[in-house]
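To start, the structure itself, in structure tokens.
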Amino acid sequence: MHRWRALEHLTDNQPHGEPTMIQVSESKGVQAQSLLASYKAVRGATAEITRGLSAEDQMVQSTPDASPIKWHQAHTSWFFETFVLRQFLPEYVEFHADFHWLFNSYYVSLGDEIPEKKLRASFSRPSLEMILEFRAHVDAAMERLLAGGVEEEAIRRIVLGLNHEQQHQELALTDLKNAFFTNPLHPAYRDIVVTESEAGPLTWSKFPGGLQEIGYPLKASDPMDFSFDNETPRHKVYLEPYSLANRMISCREYLEFMADDAYDRAEFWLSEGWSAVESEGWRAPLYWQRDAADATGWKVFTLSGYRGLSELLDTPVCHVSFFEADAFARWSGCRLPTEAEWETAAAPFTLDGNLWDVGVFHPAAAGTGEGLQQMIGDCWEWTASPYTGYPGYKPLPGALGEYNGKFMSSQMILRGGSCVTPASHMRVTYRNFFQSATRWQFSGIRLAK
Amino acid sequence: MHRWRALEHLTDNQPHGEPTMIQVSESKGVQAQSLLASYKAVRGATAEITRGLSAEDQMVQSTPDASPIKWHQAHTSWFFETFVLRQFLPEYVEFHADFHWLFNSYYVSLGDEIPEKKLRASFSRPSLEMILEFRAHVDAAMERLLAGGVEEEAIRRIVLGLNHEQQHQELALTDLKNAFFTNPLHPAYRDIVVTESEAGPLTWSKFPGGLQEIGYPLKASDPMDFSFDNETPRHKVYLEPYSLANRMISCREYLEFMADDAYDRAEFWLSEGWSAVESEGWRAPLYWQRDAADATGWKVFTLSGYRGLSELLDTPVCHVSFFEADAFARWSGCRLPTEAEWETAAAPFTLDGNLWDVGVFHPAAAGTGEGLQQMIGDCWEWTASPYTGYPGYKPLPGALGEYNGKFMSSQMILRGGSCVTPASHMRVTYRNFFQSATRWQFSGIRLAK
Amino acid sequence: MHRWRALEHLTDNQPHGEPTMIQVSESKGVQAQSLLASYKAVRGATAEITRGLSAEDQMVQSTPDASPIKWHQAHTSWFFETFVLRQFLPEYVEFHADFHWLFNSYYVSLGDEIPEKKLRASFSRPSLEMILEFRAHVDAAMERLLAGGVEEEAIRRIVLGLNHEQQHQELALTDLKNAFFTNPLHPAYRDIVVTESEAGPLTWSKFPGGLQEIGYPLKASDPMDFSFDNETPRHKVYLEPYSLANRMISCREYLEFMADDAYDRAEFWLSEGWSAVESEGWRAPLYWQRDAADATGWKVFTLSGYRGLSELLDTPVCHVSFFEADAFARWSGCRLPTEAEWETAAAPFTLDGNLWDVGVFHPAAAGTGEGLQQMIGDCWEWTASPYTGYPGYKPLPGALGEYNGKFMSSQMILRGGSCVTPASHMRVTYRNFFQSATRWQFSGIRLAK
Amino acid sequence: MHRWRALEHLTDNQPHGEPTMIQVSESKGVQAQSLLASYKAVRGATAEITRGLSAEDQMVQSTPDASPIKWHQAHTSWFFETFVLRQFLPEYVEFHADFHWLFNSYYVSLGDEIPEKKLRASFSRPSLEMILEFRAHVDAAMERLLAGGVEEEAIRRIVLGLNHEQQHQELALTDLKNAFFTNPLHPAYRDIVVTESEAGPLTWSKFPGGLQEIGYPLKASDPMDFSFDNETPRHKVYLEPYSLANRMISCREYLEFMADDAYDRAEFWLSEGWSAVESEGWRAPLYWQRDAADATGWKVFTLSGYRGLSELLDTPVCHVSFFEADAFARWSGCRLPTEAEWETAAAPFTLDGNLWDVGVFHPAAAGTGEGLQQMIGDCWEWTASPYTGYPGYKPLPGALGEYNGKFMSSQMILRGGSCVTPASHMRVTYRNFFQSATRWQFSGIRLAK
């Protein structure tokens, strides 16, 4: 989750005059119009995501990794107020004097009286009602701003703000799932009927390797072009020939791993992973609960409530840690792909898949077709690659560059997006990263060899 | 806080036929009528206490010691449903099938999937709205029950239930204070103007000691008579002659202690207390914050928001731990009273003082009169007595007796009630107890020598 | 163990001129002669205790509670060098410049570079050889000092120093037992054949209670008279009539408690005790290990190595925590005695029993006689009394009084000495105290009702 | 340190018949003779390293990362007894029945009664004297074995055993430094006069990058050839052009970093590194202590005792964590090299440098010549590469392959050896690895850009 925090820092201290070398190819007006449409679409998605959630629902913080949903709503609006409106809309009047520090994700550093976790847990005020007024206030101002032409720097920041809001949309659903899971009544978020379907057999796609290029080729001249800095620069890597599994590992296959006592056999686990198994008491993926009523003995908590595992056997196993993914791979005599292998294989694909826009909010069974499936969407795929900077990755000077690199230790790369990632937010070059024991993300397994 | 939990256990498993030897002296009808009035008064007090608190406010749990206020509301109603209505009102229909386990304070033991803390933090459902309906449902049924005569056992349980609800009323205000303090906007609960007044000089009242009796003389024959079991039996103690300070220690006096670098001088502290000072970083009572704007350099968070300490110098210092009370006593060349000394001195007093009913919700300055003041109300007074069973205290057979004694280790006795204790809940024999490092209670200091 | 540390502080800062009001009734010379005999006896006991232990054995620190034996040897000598020789033997030349701070039990406070635990663990230098030279150096000087008459203040300090060394003798054996237990080869300290004997049935001795006096009646005028300050003042207590078990609880009886699944039944335990059972995984007393070869299924580590529990069934159960003692009492329908009950009952006894001087170093089975047995020796007996100051206990002015009271929180009183307590160190008024979870001491159970 | 443990596992369960495909090119006799010389040299080095250390010195375990030196001595002998003598010397009689499990580094798994750390801390028995007899017993048997020709499998194991002992030699010195540092008398291990010398200016060596090969080209046919499995297979990597600093960072340069308040400025640190700074209270490298007597304000603990930092300003900074190395690089506007960059640059070098055999046991100032210096020896150099398996790295089947890969998470690669690494143990391809916060190793900094 640290990337999101990183982002805020990056922008918080961004010197205004930075990107002076940009050449604008479109007229500002056209860009503004296009941006306004994007803005409305992204902001509308937040409204759609939070539809039906009470003020109480939006206040829960069920794990230290998570944030209350009303905080996500406020924080993403704070971004536009702070980095866009206060600087590019001269007549802008801020909504509330305290919100400037209150919805900065680091505002606890402004005063030492309140530890961060407690703060969010005590967040009954400001009320959700007031936060929704704040959103409306910001939206109205943004529409005024985008009614005319806007400066390139404003465009860059708005694009960044929209990507930022999309990250928080994904997080909001991730956090909500945990909140509803830990609620003793286990409510459902949406009532979606997942159509049962059958995954085809696991087959292998071969790739020749050799000298390849990965990373995002950022067009610095286009303020609408966007990637996170950790996706750059595009660079060469040398790959040995390799094969990728055609689809993700299914719950059925994961059950075999469990049935082989894998959670009791140290031989399959990294040393740190085995420690986690023991200290956390892992016996199955997160959100799996024993249920004698189901033929498999398990039920699975989804955003549509509990489902018998029997219904989901062909869907990808989800909410596993890197350690579990790695142990599964070892157990199966395979390994996880590196991110370079993954990206090289995924490069030809269109960004199509079971993403948030599809509306299922749970990984779906692969089809039976030939070739790679499920590369985009369903679950983030753990790779064998620790999160480091690409060769030539240079932290930008000053605060701008201070942050993305800060988390380049003890985290592993995930690729491909999940069923709660907005489609317009995905890129083949997208590098997600979490600590190896993380399970509350929609994270699954693809094998390589 | 453990006593409250203890209570629930005590009653949960209470065999029905227990108190068979009771002789009723009043007619059942008169008792029922009187009980109904008490019932309405106590339940009404809960409504008054929670007036104006939003569903979000009632969901906060800002420290592991605290519970969300909507949980307090539900749990106290669950008590009447479980122990009274389901057994003594034949036609009673329970409000919701899940509430039986949901609002049992130990219900997590029913299933191991969810750690207790998380549970309360995730408590967005059931909503406050539904919980208020539950309260109304229970109230209507209780009125039906008390319309006629009721059995002695029912009377005993209702009396217990009302005392139980009063404990939760005090806790609710204690928890709310912490919740609003940790909220970054620091809202006020009520807007009460505390009239400034001056405390007289600290003087000493002498007591001869000798063979005394303490403890509550419970009339087993009267089902309306009540004390907690740890207040019994009444028994003899031998006391050396002693003196008590005529009033509690004021903030002004506590500032002198602080100004003498007491938080930096190990010599005044118990070894465990010094460890707490260092590990917790204590520099002042809980809820004191530095404030350059006040002449004293401090402001104090109250249920009416922050106040400059200057306004409160003559009020008793509050929210100090036993360790701080003990260190203050040592610094001043005195000591804390034992509970026997306290009770013997307090015995002649009427139960009058700055209690919840007064409506100030903050300790008030002592007057200037002669003799003991502030024995009842303002702040719970730490004593030098560890919490143990009275001589002859016998755990009742079975589950009934299982619990009050369970907490008789590593806790210290407090006496006298506070500004958030309901007046009808107080007794001179009342034994409150908390761990020595506890500060979120309204707890203060009276010296002895 | 904290008392020992307290002691050093008490003396470290003792102003020299303090006890000026003392009248000497004996000639100084006679006292000096008598003291020299005591000195030689106590120092000789240390040599006897450490006989046969290698430098490596004397370096082990197997739990944070323990100290290496060579440190005990040095520290007790440091006491005489620092508080006696440097002040009362003008020509005294100290043995080594660093020893003054090195063997002060608080010397880590002199410099912050080294955490205390590491320090002792790294204590390869000074070598045992050098420490034995230090002891000889101090002994020679003490003999010179005591060759003539000595001042009262010196007498007081020497008496204190000898009591101090006796405390460390007991600790050394306690620590050594833990060291040899945790050594994978489980060596024996001495090879003592424990004669099997049968304990008689558990019977009860009745006591009338009433107004009694407890505490040590210190003769301030006699510099040879001694008790720790926490044993004073002698004072009145009122006791209800009570009964004490005639002997300690045997291993056989404790096995019944275990066989009744007591370690799995929360109902017998204080809440804190149950937490300890769970977090520490207690299933039996410390030093009991499962052993299929013994008929009971257990063997017990003693200072003579492992013994089958079968041989020890009639001996008192030892190395139990207060929580276990309390749970056993609850399980048996009884309770633990208060320290006032214990002392009142023990007052008529001579200080005779299975103490260190007997040479068994393990609790022995009670005899079959009438009346109280095992009051002195065998095991320290946990009481129901938290450690607090006696009524009228006054910390002496200045650093002198700073310490004994420092530990008067969260500790429980034990009475009666153990099989590793030197006989000349015992008093009926002796108040030992440890935290409720402590098990490495020789601590056992006597019931009351 | 985990690699060492890995090694033992690897060998412990090694099936005997494994390397059947080996063709022997030399006569067995010649190999045996050559091996015997190596054996004597390596075993002699252990004797030299432990010369002058008392039994007490060899018993210290001053951090959980460390082991007592007498344990290193026993464990390395256990290796030869277990994997060589018991299998290849038919008449071999083992020295002591318990040593087989006692000196297995995992023997605690054989019985659950004793946590590992305590065990080593309690290791007074067996005595050093007995362990030295064990070593002599093993040496005599090894000489008998190597008097004739030996099987290839025996050769492989002996080679492995010698590499194993060399690892423990380095560890022994690393552990001893910590032991003597934490000893309050801060003894010196050897009294070596470090000649002051001046490091030349920091310059840069450029490398063209491109497609390179790294990793050890193991000759499977030669049983005397050796590398650890994580150094294989040799494989291609693509490198951008890069530059390496000609020498390691000196203490003088590190002081500038400190003087720029680097330990107080989060901007230079990885997020995890900053947490470590705060939680561990780092203000300087390990073994630096403030010292007003030195012009720099610091002294540095070396294996020759404390030295004023003034004497060492030109020597490489040592005992820094990866986090400190990374922060230094960021502060200086550079970065750390990847392991592929390091190995490619180091490939042409001979294995010459300030290694153990030089006898200084402390990093020495670089010379003033042109080109790369200090690549081999002085300090292990932290790289920017997380420890992962090389492309194509395949865990061998069975227990053989179980272990080296187990630690491939959350550790960083170090290259180049240190002043306590035996010269015959080094390879350019050698991959050392430790967790990012490790400081007790001789680890330093080389910059790249």
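Each chain carries a letter (A, B, C and D) given by its place in the written order, and its residues are counted from 1.
Everything below uses one rule, namely that contacts are C-beta pairs under 8 Å (C-beta built on N, C-alpha and C of every residue); 3 or more make two chains touch, one makes a residue touch a chain.
Here is each chain with its UniProt name: A, B, C, D = Ergothioneine biosynthesis protein EgtB.
Source: prediction; values computed, not measured.
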Using the contact definition stated above, find the chains touching both subunit B and subunit C. none
Chain whose average C-alpha position is farthest from subunit C's own: A
Count the touching C-beta pairs: is C-D or A-D ahead? C-D
Counting in whole Å, what is the centre-to-centre distance of subunit A and subunit C, each centre being its mean C-alpha position? 61
CA centroid of subunit C to CA centroid of subunit D, Å: 46
Return the distance between the CA-based centres of subunit A and subunit D, expressed in whole Å. 40
At least two other chains touched by the same residue of subunit B: list those residues. none
Going by the touch rule stated at the top, which chains touch which? A-B, A-D, B-C, C-D
Hey, which residues of subunit D end up touching subunit A in the complex? 2, 211, 235-240, 267, 269-273, 322-323, 326, 330, 338, 384-386, 388-389, 391-392, 395, 399, 402, 405-410, 436
Within the complex, subunit D is touched by subunit C residues 54-63, 98, 102, 107, 113-114, 118-119, 121-128, 179-180, 182-185, 187, 289
